[in-house]
Structure formats: structure tokens, C-alpha cells
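The structure appears below as C-alpha cells.
Note that the chains are named A, B and C in the order they appear, and that numbering of residues resets to 1 at the start of each chain.
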């Protein structure tokens, strides 16, 4: 279980990205984090695995306080948290296989990783995951030869090969077209289901979030504004999160599509 | 279907595909490199006794940087530096003035073919000839002194600036140039309104950069008698006066640094 | 861009207002006078008698140099091989030293921006401000004449050049790729080889070939100060005023430079 206690982040510029956020994510729950740009969604995710160092507060994963860990303990903790990025963040000049295997870096020593001699079990798992995301044939392609949707699938495989308890997903669909976006979201949610993974998914597309997850958390200016199931997301709530706008169309459209 | 390939792949080793696909080419390249290195190392004669003796001298030289001697040859250093600066400034100005027409001529999109070929030849010649070699010839022809250095640096600047200017003109925005042409402008007006505004910032940046290079080069031209601080430096090495040499090198380094800093500011301003 | 209205109510447009215009003229005058002063100094230091005599001397030299002494080429293969080695091994040696310097100098990889980075930048600036010929002069004085001195001179001069371009490339990498590798729990060195190295590899290859090309040019003249290579033959021929040999050597150098530039362009084209 992931638990955030009074998590606060103030950047050196004085911007308050997170103001004492409390949040609990039970095991196996997929949660969507919505909110306008600059609400602190990305910062929240990055504070969990300390890519961004929180100013104060606690992050507890399975009872362990991540904010107090030293650098090698932090690396071990990061192995339990897979991360999926907005612009895929694949290492473009490495092959698809190397990108997937890079998810195991925390488990192998420097020289093994330098010589690309990963344990056979890791290689098998990489093949299985590539097969699962439908890219088995692409294993030896360079990452920059792939299309956006394919790259994001590699990104998913890289996160999953860590065999994490928790997925941190940062705007997985922001650079994809609507159809691919849905496919990617479906894939992420299916995989979470299969592997009983908890996940925090940052997403700005409210309709997409409603379609796939059981719980939605709304953020605004570093504070939580809403926490509940997707059908509680009324125009009022959206106004609270995003500001005044005609929200009816957004919501009804989703209902039609869900049916 | 994909699952059958999956079965086939499970349990097999994965190896990164090689950068060079054909194994023959790959091994030939690796083998060739090793053979070359063996031959190359064998052909270099190193007199280690001399080197170990030299290390003591090298250390003396390095420690001379702690106590550089600016004064005992103060006038020589000053005169040499002034001469270097003069050569640098004069040759950069002349280099820019000459390289503008040549740069225009060397741009395929505005120059007719015969002019293009002539200008490209000048550029290629100037770039292929090392400054020092040009300086030797100039000294032989015009005699010792800064004039030879000035001509050398101007010649080198022409090759450098014209080439980059021409490349810049070749990939400028056609639409702007065409719009000016469409107004019925003359050729010179067209250059002035359609081309010049587009390449000017870069030309200024490149000129500053060339000023910097010319100064560095002017410091060595003295070695072959073409004026500047190089002669003073050479003398101080010959006499093993490392503290004076250190002083001269320090002056060169600081000048280059400040020139670079200055040109950075100017380039940031014009762009 | 000011528009003036005269007393008659007529509007005139000028590109610049009067002060800016005056400032411009002033700058021009200063520039021209500086140049005139420089020219004056040069002309005072010049023996114009020699200059007026220059065309005659030039034709004299050319007539002595033509035809080049082709048979002399036999003696040039050895020095040419030395020149090639100086440039190639010098570049390799320089790269070996430039890579760590570049990583120490780049803002995003330096272990300490306060102490290590300035030191690395100092190495870069001081090695690249000083021409390889001066380094050769210095090294000949220290470790004696020969190919080895030339090689080390080329290597030292190239450190700063390569390290500067390389650290700029390191600073421009895509940080999200590095972030992604960090997020997997990789160690510092693993992040280096998986996140950073693949991104700068093309730049590294380009810089190496580029510098090798420049080094071929520079190593042809190192012999002038006794640091080995074809420059030694050039110096010898110049000292004995054997212009036919000089002509041949210059032709050989020109060919070497053109070939190296062609090779460098080909290789860079293949990489990028």
C-alpha cells in the first residue's frame, strides 16, 4: 500500500507544487490523477520515487518511509516502482530489447549491464512482455524507429519487467492520437489487473480517465479537490478542479461511449 | 503465430545486434585497427631516458606558472603583443571585407556557375593551406615582419568566413528573398534587402569567432618570422627562460578567454 | 523608427533617430581610425623595398620550384607515415583524456559544480587557447625532438577542443531518458552507460573524426619546430632553399589534407 502523508514540495523558485497532500492507494488499485497543467500532478508522481526531492512530508510504500532512504536503499525502493513517461522517455539510440532490459538495471551489477549479459530469466521475461504488448518482432529495432504507440508499449514493458508493486504513470497518452491513447490506457489497466498492480495515472483527458479507472483524484494548485469514483464526477466538481466551463458535453460524451 | 515465435525465443540468449552487420567487414576492421596500432607504436621511437630527464624540466616549466616573469623582458613582450593585436585586427577587417563578395559568389543559389567555381576554388585553396605554410611563403616573398603575418591571416580568414557565409546564404529562407525580388528590385537592392538582413547576425558572430582564431594564430606566426608574440615566445624557449614563456602563455590564455567571453556577449546580442 | 514632422507639416520617415545615427557614424569613424592605425603600424614595421621587389622574388621562387622534384617523393613516405601517426594516435590519446574532462565539465554530470567544474573548464580553456605548434615547441624543449613530442602536442591541443564540444553535447541531452533510467533503480554508473552514453555517442564520433581531420593539417607543420613528420623535410628543404623539393612537399601536404577532409566528411555522413 502506498501512503502519502503531508507531502509538500516547494521549488527553489518559490512555486508551491504540493501543499501537504495526504493520499492512500491500496494494493491493486488503479487511480487516475486529473487536474489542470501546473496542478502538481507530475510533481506528486515524481516525489513518490524521489526523482523530485520532496520538501517535507512522508511517502510510505508497504510501511517503508521512502523519503528517509539513503541513495542505495532508494535505488532498491525504486525497483518496486515502475514508471511510464509522457514522451515515452525511451533511450532512443538503444534497441527495443535493451530498453526493456534497462528495467532490470537495479537488479544486475554494473559489468553485467555494461556487457548486456542479463540473466536468462530476465531475457525470457523481456520476450514474454514484448509478446504481451505485441512487439516481439521489434526486439532488435532501434527505439527511434518505432511509432509513438509502439514506443509507449516498450515503455510499459520496461516498467513491468521491474516486477513492481506500483506503477507511476505520467501522462501516458499526451503525445498519442485518440485511438492509440485508448489502446494504451486499456493495456495499462489490463496489465494492472492481471498483475494486481496499484497505479497512479496522471492524465489530463477526463473522459479517458472515467472510461478506465475505479477511482479519480482531482488536483488543483497542489491540493486535492476531489476523491471518488468516476460517476461522482459532476460538472460542479470539474468546475472546482478546472474552473468555469461547460462540462456537460465532456461527461455525456463519455457515458455514450462507455455503453 | 506470435506465441509460437515466443516459445522459440524463450530460453535463447539475446545479443545486441552489431553495429556493422557483415561479420567479415567487422573482423577485417578490428584486425586492421590492431595491425595499424602495432605498426604505429613500433614506428614511434621514444627515448625514455630523454623523456625522464625532460620530466624534471617539464616540472620546472609548470612551476614557472606559479611565478611568471612579466618584467625582465617586459618591452619585448609588450611590443610582441601589440604587433599580434595589430595583425589580428587588421587581418580580420580585411578578411571580412574580401570574404563578403567571395561568400556571395560561392553561394550556389545566387551566383552564376563560372563565378561560383572561381570563388569555391579560392575558398578551397585557402582552407587547405595551413597558416604556417602560407606564412613561410609570405615571409619568403615579402620579407620578415608583420606584413607577412597580416597577409597570411587575411588569406586564412577569407577561406573560413566565405565558406560559412556561403553555406548560410545557401540555406536561408527563399520566400523572403523572393518577395524582395518580386518588388522589381535591382540585384544590389535584392542583396541588401532580401539577403543581408538574414545573414547579418551570423556574419557578425562568425567575424567575432574569426577574430578569436586570428589572435591565436598570430601567436605562432612569429615562429617563422611573420611578426607577433610568437618570436618572443620562441626566444624564451630557446633560452630555457620558462618564467618568461609562462608569462607570455598566461597573457595569451587570458586574452583568448576574454575575447571568447566578449564574442559570446556580442553573439548573444545580435541573435 | 521615428517619423518627423517639419514645420510645413510634412512627414518624413527615417530608419534611425538623430542620436542613433550620430552614434553609428561615430562608431564607423572609430573603427576606421583603429584600422588605419593598425595599418600604419604594420607599414612602419615593413621594409617596403622588399615588398616592391616581391613580384620579382615570387616569380623567381616559382621558376625555381617548377617543375617539382618528383624523385624526392621516395624520401617522403616515411615522414608522411609519421605525420599520419601523429595525427591519429594524438587524436586517440586526446579523446581518452577529453572524455572524463567533458563529464567533469558538463553541468549535469559534474560531481561538484563548485570545485571540479571550474578545474575542468580551466583545462579546456588553457589547452585549446594555445596552438599545437606552441605545444610542440614546448614539448620539444622538454622531452626532446621527435615524433613523440609531436604526438603529445597534438593530443594536448585536442583535449580542450574535444572536451568542449563533448561537454556541450552532454549538456544538451534529453533529460527525460536519463530520468527514466534513474527511475528503474539503476546506479549512477548504469545511468551513465544506459541513459547518457547512447545519447552522446553520435556527437562523440563526429567530434573525433572532425578533430582527426584538423590534426592531419596541423601535424604536417609540427616538423618545423622539430616535432617529427613531413614538416621536418619541409624545414630542411626551406633551409637549403631547395624550392623544387618544397613544391613537391606542399603538393603532398595538399593531397593529404584533401584526402583527410574527404574521409572525414564520408565518415561523418555515415554516422549521422
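The rule we apply is simple: a residue touches a chain if its C-beta (ideal position, glycine included) is under 8 Å from a C-beta of that chain, and two chains touch if they have at least 3 such contacts.
This structure is a prediction, so every number in the text was calculated from the model and none was measured.
The leading chain pair by number of C-beta pairs in contact is B-C.
When you average the Cα atoms of each chain and compare centres, the chain farthest from subunit B turns out to be A.
Separation between the centroids of subunit B and subunit C, computed from CA atoms only, is 4 Å. The distance from the centre of subunit A to the centre of subunit C, with each centre set as the mean of the Cα atoms, comes to 48 Å.
Contacts with at least two other chains are made by residues 98 of subunit A.
Shared contact sites, meaning residues of subunit B that touch two or more other chains, are absent.
Of all the residues in subunit C, the ones that touch subunit B in their complex are 31, 34-35, 38-39, 41-43, 45-47, 50-51, 54, 57-58, 61, 81-82, 85, 88-89, 125-126, 129-131, 133-134, 137-138, 141-144, 146-148, 151, 217-218, 220-221, 224-225, 234, 238, 250, 253-254, 257-258, 261.
Of all residues in subunit C, those touching subunit A in their complex are 174, 176-177, 179-187, 189-190, 193-195, 198-199, 201-202. Listing the residues of subunit A that touch subunit B in their complex gives 95, 97-98, 101, 116, 118, 120, 123-124, 126-128, 131, 134, 136-137, 139-140. Against subunit C, in their complex, subunit A makes its touches with residues 49, 51, 75-79, 81-83, 85-87, 89-94, 98, 102-107, 110, 113-114, 155, 158, 162, 168. Remark: subunit B residues 2-3, 5-6, 9-17 touch subunit A in the complex.
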